[in-house]
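Each of the next two complexes has chain A plus one more chain, namely chain B in the first and chain C in the second.
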Partner chain A sequence: MDDLTGKVLVQNVSKRFGETTALNGCSLTISPGEVHAIVGENGSGKSTLAKMISGVVLPDSGRVSIFGRSPRDPMEARALGVAMIFQEVLVAETLSVVDNIFAGTDSLWKRSRTRAVARRQCRDLLKRFTETEIDPDTIVRNLPLSVQQWIVIARALLANPRVLILDESSAALDLDASARLHTEIKRLRESGCCIIIVTHRIAELVRIADRATVLRDGEVVDEFVGADINESRLLSAMSAKRIILEAKAAAASPANRVVGDVVLSATGLEIERGAPQFDFKLCAGEIVGVTGLDGQGHGDFLRIAAGLRAPSGGTVSVLGRDARDAFQVASGASGKSVAYVSGDRAREGIFPNLSIFENFSLPLYRSRFGEYGWIKRRPLKQAFDGEVRRLSIKVGHESNLITSLSGGNQQKVLIGRALAMEPKIIVLDDPARGVDIATKQELYAQLRKFADQGGAVLYLSSEIEEFFDFADRVLVFRNKSLFRTVPFELFSEHTLLAAMFGEPDETAFHPMREGFVRA
Partner chain B sequence: MAAPLILAALAVTPIVLAGRGGVDLSVGPLLGFINVTLVKWLVENDYASPIMVIAYVVAAGVLYQIVIAAIIIYVRVAPIIVTLSGYLFLSGINLVVLDRPSGVAPDWMLDWGSGISILSPVFYGLIIMIGFWIFFSRTVFYQQIVLTGANERMAFANGVNIAGARFGAHIVAGVFTAAAALAYTALIGSGDPTQGNTYTLSAITALVLGGTSLAGGTGGGLGSILGAINIYLITYVLSTYNFGTVSGFVTQLSTGAILVLSLLVNSLMNRRQ
Partner chain C sequence: MSKPDDSKGNVPGRTLLSQNVVFGIALLLALSAAASFLVPGFVSYTNIRSMLLLAAFLGIASLGQTQCALLGGIDMSIPYVIGSSNILLASLLNWGVPSFPACLIVLAGGVVVGILNGLLSFRLQGQALIVTFGLGLAIVGGSQIVTSIGSVYAGTVLGAVPSWLRGMSSVAGTTFGLPIPPIAIVWIALAIVVVTVMSKTPFGRSFYAVGGNRQAASRVLISEFRIWVIAYAISGAMSAITGMALLGFSGGGFVGVGEPYLFTTVAAVVIGGTSLLGGWGGYGSTIVGTLVLTILTSLLVGLGLSYAMQQAVFGLLIVPIVALYTRSPSLRDQI
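Our next item is the complex of A and B:
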């Protein structure tokens, strides 16, 4: 029998966050000197699993054992030699490089090294990693993101970890830098460190991983070892067919759409400074899906399209106006054009301490329901009743708090609110998050009806099966830019996932559809 | 003469540095509280030996901060509310203890404030406390406070005890408030239940003027010291002009204006970067 105290064991762990199950009975074993990759779609629980091993998140049930001990918080995990590099670049922006790299290395009463030594080590490390000279006293805010990423990596490596967890750590690094990171990882592997990599760069992990665990919906579905790890196997394990409700096909079918005039167009759009530019057009009567892996820029694109945020380069025009102005107009007196519905209800959607009716009507006061600063009560009430009927929202009394409704019904109120603005374009940011399947079907049907009446829809979702039989085409984002546009004829789990994971396109690319990448 | 203000500004500094909207609006009244209780309870009952006095003021400052810190950190009430309540509460208590300026400072302290030369004992006391601050700002603990204020999640993920850092910041603040109260008592030579309150506004102005961000994580003690001296000098200069009956208000007015101006300059500078 193996000596289990020398390994990292995850035994049957489960974790729920409110309504959603992040992990459901996961087990895996990581041996010293092994690079263990954890892969899966968005929301498959891979980051949660990584956080659990580092003690940031505690399991609801099951056990994490690191060399025979179970850490209860990050400090204990550190003491056991666990170092984690998080998905977000966790730096203290207002402090210097040295302070960031050596954060938490000193004990309260004893410094691990003098300031001069720390400075020198810091300079050497960053020189090795970035191949440029960086002054240890620079304020981190003034450094590019890739260097900030290296700071975080340097911090983890300094601790001489026995367990190193990298959660999408190469996201901010270019190819050359990733290669240097791999060298570091290999060096650590030689020294007997347990290395856990969470990544969505499949090509990368094929090169480096000794073992790969595939997660889907919080469960371990497959495990590959050594030479068995290849791209097509991983992709098919991640995308194994799920039950897709028949009802969806009936609800909305995109075939043979009549496409109208261009309502939104973007030229030379640059989501983040330095990201590849691209063009995009949205026409009346179209439903366009937007997706990508976490942090690949699709969320930013949506906010730019809705006019909530300015792009770092390029222009977006809505019905001939600049998108930023158009959004202002949407809440203004006339010419309503763009409505935005957020899936993050708690933060961007509802006013939790107001009633259902107030939640419905607040953004409408300044549109057609207001006149010279006075609210026209009766039309507003009629619109509310109309939307409640149309979307079959289950409301109690309209003056009850919005929070008395279920999540799905709250979302319906918000969508009703957007429809009542009578916009030309509705932009939805993952609106079906945490909503049951029946509500989703109604939502698709309503949006399809909206599009048929000459509206245009931009619909972001991280669950790709939402797009089937619903969207006319899907924009897949990668590296903060449009990576590929998939037309509905080619929809399948495989084509979409392959695009999300940056696989080269094996099907014929359709350049006649707009949305090609400008390189 | 600027000693109480410098010390009060230093007292608020670690709390603000530790972030999450940390601030102590009650420094002024706490300073006043220590002042009046020292005069009323200790001196009038003949417990006025230096050791007794110093032990008492430090204990009072630290105890008060422990209570405040516990409410802010563990009950999670917003610092501004808690310390504002503290401000009002202590202002009232001060008037209960001493309803008008009266009493005398301990005998051994009386000649401290008669500042004929700059090198008075108050000045030496100030130097000692600044020395203590320099020592404090070089500790790992101080670094942990700054880390917590700069990026709480990062500090947590790197094994910093966030609650501990914030709690400690409050305790240090208690010690400095005590020192400020002592310097204040020495300077006025008696007890005053209301004048202490004005130190809240000046101390926070001094801190902001010294470049400490109210969002936490940036700034430091040196800035607060310079800021406090600045405020003191401005007040001093203004008091030499004759504004007639409104002179008292002009000081307050200018302190407020300076605070707004320095915040404005600060945010404009940040935007240009």
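Our next item is the complex of A and C:
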């Protein structure tokens, strides 16, 4: 057995957050001078694993060993030479560039270097990274996101780390900048640093990684070394075991469904300034899935469709209303057209100070039962009891606070509230987040029923298997635009993941569409 | 945010309210008992009537503060609007404006100041404290300038106060033969209307929705802006009414008459159990807070404490009282 004290070892670690298992018995070894990639779908546990190595998250069981020591907090990890660049661009926006880069290097009384030296180092580093001259005294808020990302990277590299963890660190960088980041990574590799990259950009890691570990549902499912790392292998490893599920999905697929009139249509939609434009139509009776990797614009699209924000270009019309007007009518989910259910219950769903009953009935005061005069309790109570039965919500006493319910039941109350508004379109933003399987299945069945009765559903999820039994097609977003629409007959873990990761469309010559394409 | 606590089988929604009411009434009873034991003449007819009168002033002034607190806001302009209304009404009457239009003008002025407070503090999110404070100072300064025209004293307006207004706020005042000062009847009527509207109408519930989760409120088409401005407008109107009623009470216009109400309106709200962060409580609890404060003042005065001593004791007592209230677990997480 070779010397393990010179390596980073992750031994059989597990971690649970409440009901969800983030990691389940993961082990991997990272040697000095190695670039080790960790890949997997959203929620497969990649980020948790990265945070565990940097001491931010402690394992419930198992052990992380960095050169023979187990750090118990980020400070200890840093003392061992671990530097992590987080997924979020963590800068102090109101401070200058130089203060951001050297944050935490001074002790309380003593400076590690004079201001002039710090400024010079800062200027040199950023010049190397960004290939532009950046004044060290600029306030960070005034710099573009890509430069902010470089500041974070510079902060990590400055410490001459022995272990460097990059969690989606190239997300805010363009292609050219990523190449420069790779140069830096290679330079560090030569100096014997252990480098861990967590990324969604598969094409990128194929070029740079020496070893790739594939995670799925918190478990290590495969490991590739050197030349064995290629895109198709990684993709199939990420999705392998799902074939059984796919078969089931095919059996239950919603073939030959009759769709009705167009209820929502978008023309020349531009999510962000400069992003590619696209068109989209939603018909009555349809359930359309929306997905993408983090920050690829699918969330923005959903909010635009629900009328919660305006696009930077193009028009969206809901039920034939003029675009501007449609935003107003749809804004905040009116009873007439669009109901919006957020998966972020705490932030924009529940009223923690109000009862279960009132959380359900508040929007109905306005839509179905008149805005003025007294609250009409009896019809509201009927509607409430109806939804409680339909969604089998476990509510206890209706005048208890909503926060006395479990997350899943809170979500059901919110979905019941949306259904009770009798909308034409329901827009759901990851509603099944933190909800158990049985509840999910019930939710799908209810939404299916809603669609069959002439409603239309837009359903965002980052877990693609949610769509299999359920959606008619899935919109995959990439680079702030619609990248590909996958019809239900082509649903598979592979096709959806390939689209999410921006792989070329193999299905363009699918037999079903071949005649169509060639014609 | 309050944590679910169904493990013990208790019902947070209902215990929250009843706990506050129980605390408040217990405190009221304890204070009353102590006062009637320590202060001779505390339970006398005159003293109870005068306490009711003082409670009515504070109660009306705290109404608007409660509405603002329910949204997570605060109105620091209350004492200044009270003072301004007080001298403005006195001056208007001196200038020969008939009583009814004069009162309407002052009331409208209060509403306008309230709306301004609401608009500005909504625009400058999170700065309600300093915005309303600043606007209040501007108003009180302005009204002193206006009312001191042709006089050497700013802030004090002497003149005849009509007898109906003195009757409104007189300890010996009667309402339709009942031995209750009319302003107390006004207070009770306002209280009934407010408590009913706040619990039984979509409009009233909107305050709780916005105070509980403004993002979620906007998702169900409740206009935070509208509710916010209305709350401050109510506060401005209530301050104007208090200022006018105090003119009847003191018999002469004095700009500093509102000063005690800066602390006491906030204290009545908090002692009642309304969270300053919004969403919890309501005017019903503020009434309890108002009564507690009034009896406490009466007790301290009855004990023969000097004004300075009263203030010191008053200030020191507020801390343990608030601590007692916030022991309720669902509130503790809020405040």
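FYI, the second predicted complex is superposed on the first by the 468 of 519 C-alpha atoms of A that agree within 3 Å, B and C clash if a C-alpha of one lies under 4 Å from a C-alpha of the other, contacts with A are read in each partner's own complex, and residues count from 1 in each chain.
By our rule, a contact is a pair of C-beta atoms (placed from the backbone, for glycine too) under 8 Å apart; a residue touches a chain by one contact, two chains touch by 3 or more.
This structure is a prediction, so every number in the text was calculated from the model and none was measured.
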Quick one: is A:M84 in contact with chain B, with chain C, with both, or with neither? Answer first, second, both or neither. first
Touching partner for A:F384 - first (chain B), second (chain C), both, neither: neither
Is it chain B or chain C that touches the larger share of residues in chain A? C
One more residue to check, A:F129. First (chain B), second (chain C), both or neither? neither
State whether A:W374 touches chain B only (first), chain C only (second), both chains, or neither. second
Just to be sure I read the superposition right, which of the two partners does A:H397 touch: chain B = first, chain C = second, or both, or neither? second
After the superposition on A, what does A:W150 contact: first (chain B), second (chain C), both or neither? neither
Quick one: is A:L362 in contact with chain B, with chain C, with both, or with neither? Answer first, second, both or neither. second
Quick one: is A:P74 in contact with chain B, with chain C, with both, or with neither? Answer first, second, both or neither. first
Intersection of chain A residues contacting chain B with those contacting chain C? none
What residues of chain B sit close enough to touch chain A in their complex? 140-141, 143-144, 146-147, 150-151, 153-161, 213, 217-218, 273
Going by the contact rule set out above, which residues of chain A touch chain C in the complex? 308, 331-334, 340, 342, 346-355, 358, 362-363, 365-367, 371-375, 396-397, 399-401, 403-406
Within the complex, chain B is touched by chain A residues 54, 56, 74-75, 78, 84, 86, 88, 90-95, 99, 103-104, 106-111, 141-142, 155
Listed in rising order, the residues of chain C that touch chain A in the complex are 1-6, 11-14, 16, 200-203, 205, 208-209, 211-213, 215-222, 279-280, 330
